[in-house]
């Protein structure tokens, strides 16, 4: 539960929760999965009308938060996505939209930005080297200047919702340094291979660039000047992921607690067994601590504070581990049912596991913290 | 509890237990600590008569096991040492005695060996670089050939019972490679600094060698040929340490279990609380597993099997961690009393903690396992 | 075809372990295929395959073993076995490593149902069903758990009503592994609703496929669908199917649980085939492959994780040896199998966690053209199964604290209460 | 000497936080020594020192704060405090970081005993004792635990018998921190042995040093000897010392426990001085120093451990903020302080483990001529104190599951039973 939301934020929260419950209950998610689909475009478009895509984009470029604190607003949405294991490219569209809106010369990309904001298009952020986690230096492909443009060669892996993207924000090295380009899905030389995902509906893809020619106007911001923006985008992706984990855990603990009251063993409800009670106490503590650290990280990212990078990694290193710890123990409390396909808990466990692994594992974030502390 | 001891081994076990109970109960250990002493020479000498020093030394060089399996016999003693947190240089004297007895040209050191076996002298193994754990390459000091002997320069740290030793088995590099020398405590250039120990009575020392001249006859085995002997000595030290940990844990679990039956809270014995019962179940499992893996390691060392190094590290990586886990949780079960000086449990915790840290931490042993697995 | 090496027997007429081992060493390569030579998709070795043909293959393999004189090694001769010792079985298990075996018949047929029938069944049950199982003609299954009762197996509400020479069963059972492919089941049902719960139960050795039995397969998170749920609608079972006494079903179930703990923990003498514990198994090699693939083989943290996972496997083997010896010499009570069961659950869970950690992002996805790295993630999703199947680790901790350490029994609201007055949840 | 900056007040007459902060910022450096400037052996800042002079120093510092107008910030004006809010206290705590403060007066005097007297004491208790404490004239202590009862505080067997205008106390209390240096104690005693245990208790605010009170100090594993055990032999206490009602002592003790949970967890508004949680504290720096000394600063495993320890400290601060906000807005129950208490115990334990792991062999010994690396080992030996002092983590888990999650209360064999019929162990 979030304690200090404004009235507008509560409205956003309720509207999102209601809409997700109606448009994408777990049955719909199972159906999408069975059909090999990741999300429904119409549902997404109407979500965009609720504000899903525009919160972290300034008003002057077509966005708008509900509270003046767009990052915090976005975490409110992400938490609801977590509660429902909702389908849809929430994190990546927000990250790319923020990147386009905040870059110098943003009007070059006003068209794409507008269509991201209204939900009619989807973009993904392609930034990881094959088989590797988050590491922007290693993840940047090669962009070779050629005439008045660039030629891109290389491969990105683990591109979140890459299979659905109409365009990519592509991390690349130009001679000037770390840079980002907008590359259309349909550009010559781009090939996209959807991967089989552990999540029910959150897709990942491999994107290959074989001599992809882009004009200089495809640059997002200045050539070679992307490092700070990339760090900012990463922080945003991680904090949204953490908010989603908070929602996942909250929901799983809710129904597990209820189960413990309803289920009897040896003539007593599970909720009367001290050892199980203590485990629930621990899990409640971890959940509350996770909420606390996610909220602190969101505020730091919102305020672009110097310690935002550290706090985001603190939150992810904790939540990435604790979320799966909690859900696995809730599986255990459900007994054999907990490992069946029919029971919903695995849908939450999938989402939490994927979130643990992507955008930096807990271990990777601990290493980032050590770096930031100058150990 | 050990299941498959021979009648002779059971006799050795009982004799040692009885003698330790009489000669070195915890009150005596507290008194030794208050006086700044590590052990009593007379007690040790009589212990030697029970076989404490001679089990891993072949009969032809003055030793003798009780079962034909000297290493296993020695772990029976070490376990009893653990049960009583007993004083005395058990591991190091056995290691040095074995090293002297097994080296080529052993009769060069027959005098020292004899006095180790009869308990009238004590020797320590000096082999670790200051501030570092087990790493024979880094731990070997320099031995420079000089005339018909060598000159030793350097420092060893963490020398177990170094403050009590009449002689040292010193690990050194000669131009031929890894070598070992016997160096008298009183030799010119040797200085010994006793360190303040975390254990009540197990002392450690720093040994400095400033141009210490030794004859070639001080060599144990051939110059440059010590690597295999050093590995064997290490295995022996670790397996004795593991056996001691097994004894420590067994004893602590015994009195903690009794405490849980005797102590009432809210009108019920602690032993009736499910959460505490389950913790005792876990600790019992860890203790049993520790006993199992120690016994397997002891047998492998006894039989000089190729996997002895791996099994010793498996045992230490497990017991080093689990022993302190168990005792700390037993401290918790004792409540406030558990952190008082008056309660005996800290004496066991000290021994277990020191054993966790010395002769390779659990982490260091995991790295050894990975090396042995050729990861 | 029997082995040509001559059996060497001791004074009691029992063949020595060494002789038996040598005969096995000769017979195995001539009669069993090497696992390395199996087609990759056959999967007969892996218990997850629910293919009907895999069951047929297992029966055929069992028949081969029987004909070769290597089936039912620890079962008495009078019931179709060889009447040898666990040392013989161990020797065989060592020799057969790397060869195709009917692994899926170990649990529950040979390690749980068989020994229970041996302990508690009638002479007729033993002669008929044990021999058939050893020949590969019969597969057994447990109808023990119920949808509403979880760990509380004695809380069964499946109803068996006497009607002359027969009983009529109604109710439902769940978590019966491989029921669809089995022939006979040990089924626990309530015959007396006025007695306290443990005293109103009866065990039946019933035919699985018969009128009134409907079987549904349960899909699991890892894609497996070995587990089944059965629905009984006026199923007729003869009185001769009662195992032990009417009203004495809990005594039979307790033996089942005892054998199950041993089986799950790896301490059963009736388990035939190579064991993974205690040796550098495929698990460690798989982890090493994984870090090489992800380029982390030099990372000290990754190396420590591999060593930890490996050590747990090695220690598992040591613990099995210790507990087996402890029970054999009666220095440990028969409930000590719970120690092995608990270690197994805890270590398998930790190993799944370590594999996930080592795989990193690769565990979240697989490319159609690459290795199935997502498999590590799927194993992680399914990991609690190792703490649930064969009795939960919670029950193991209860048993260890209460039966081994002698601590107070947990309060049971249904103790000594007529069963029809006990409260139930969902 | 008061600050020269003028106080700026709001409409209600309360000074604004910013104004208060600015005054503090000016006053602190002029009146309090910087910790960095203290002689190393003074140790007044560290609560482990049991030197009588450390207590005298704390009283003197409290007097300085009082004279400067920065004492009892959240205590009501009528009892000698400033009547300000927790936001003021927080601002002061931030400003005073790095300066010498009477830290040992926080627990229990200001964060536990004071608030309990405020909640439950008579007007006379409040006027007399709170004001004296805020002036630095009085140190308070808790006489709550007993040798035989552990976490079961309501199981007290110290006896108080009415004799006209006085009560006569016999029995023993334990774990009273700093009792030897304290002036008054909140002492829980049994006045009715026929009532069930919670209903027969009475709380007394008694003089510590008086005839019949014998105090022994308890040496702890880390060398500290702050904790005491008291023995009462016909100690005479006036009836006016009763806090709350005769027979209503458990209500008073419950408030004490509530305040204690907040204090231990770091959520008390009465805590004055810099908090370690939520900032890169000296703990993280100490770990970094440690790995540099042992040459492991580049080891990824060591680096992860440091990050983990650091993260726990940071998250502790976040949790305190969240729970404080939750309780303030009544979205969390008052028992939510148990969450903070539990986090503190668990994280401090883990941090002690990490420090040991990072120190390695260095934690087992210290050279007389080097840094005291053995100190890390000693902290490890003492680490469970963080899971015991101020209510065990087991009790915190009971409270969280029962009071926050609404799960069934643990069975208590002594509930509703006349206390003289309850079974006791040792």
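Chains: A, B, C and D, in written order; residue numbering restarts at 1 for each.
Everything below uses one rule, namely that a contact is a pair of C-beta atoms (placed from the backbone, for glycine too) under 8 Å apart; a residue touches a chain by one contact, two chains touch by 3 or more.
The chain lineup, named per UniProt: A, B = Acyl-CoA dehydrogenase family protein; C, D = Acyl-CoA dehydrogenase.
Fair warning: this is a prediction, and the values are worked out from it, not measured in the lab.
Going by C-alpha centroids, which chain is farthest from chain D (Acyl-CoA dehydrogenase)? Tell me that one.
Between chain D (Acyl-CoA dehydrogenase) and the rest, the longest centre separation is with C.
Could you tell me which pair, A-C or C-D, is linked by more C-beta pairs in contact?
Taking the two pairs in turn, the one with more contacts turns out to be A-C.
Using CA atom averages as chain centres, what separation in Å is found between chain C (Acyl-CoA dehydrogenase) and chain D (Acyl-CoA dehydrogenase)?
Result: the chain centres lie 54 Å from each other.
For chain B and chain C (Acyl-CoA dehydrogenase), what's the span in angstrom between their mean Cα positions?
Inter-chain centre distance comes to 42 Å.
Touching at least two other chains at once: which residues of chain A meet that condition?
268-269, 273-275, 277-278, 363
Of all residues in chain C (Acyl-CoA dehydrogenase), which are in touch with two or more distinct other chains?
Counting only residues that touch two or more other chains, chain C (Acyl-CoA dehydrogenase) contributes 300-301, 304, 394, 397, 410-411.
Could you list, by residue number, the parts of chain B that touch chain C (Acyl-CoA dehydrogenase) in their complex?
Answer in residue numbers: 1, 3-4, 257, 260-261, 268-269, 271-272, 274, 277-278, 280-282, 284-285, 288-289, 291-293, 295-296, 310-311, 313-314, 317-318, 363, 365-370, 373-375.
Please output the residues of chain C (Acyl-CoA dehydrogenase) touching chain A within their complex, sorted ascending.
Checking each residue of chain C (Acyl-CoA dehydrogenase) against chain A gives 145, 149-152, 155, 174-175, 218-222, 227, 293-295, 301, 349, 356-357, 359-369, 374, 377-378, 380-385, 387-389, 392-394, 397, 410-415, 417, 422-426.
In the complex, go through chain B and note every residue touching chain A.
So the residues of chain B touching chain A come out as 273-275, 277-278.
What residues on chain C (Acyl-CoA dehydrogenase) touch chain B, complex-wise?
Its residues touching chain B are 280, 284, 288, 291, 297, 300, 303-304, 306-308, 310-311, 314-315, 318-319, 321-323, 325-326, 329, 331, 339, 342-343, 346, 394, 396-398, 400-402, 404-405, 407-408, 410.
Spell out the residues on chain B that touch chain D (Acyl-CoA dehydrogenase) in their complex, using ranges where they run on.
Chain B reaches chain D (Acyl-CoA dehydrogenase) through residues 128, 131-133, 157-158, 193, 195-199, 204, 206, 262-269, 273, 275-276, 324, 328, 331-332, 335-336, 338-342, 346, 349-350, 353-354, 356-358, 361, 363-364.
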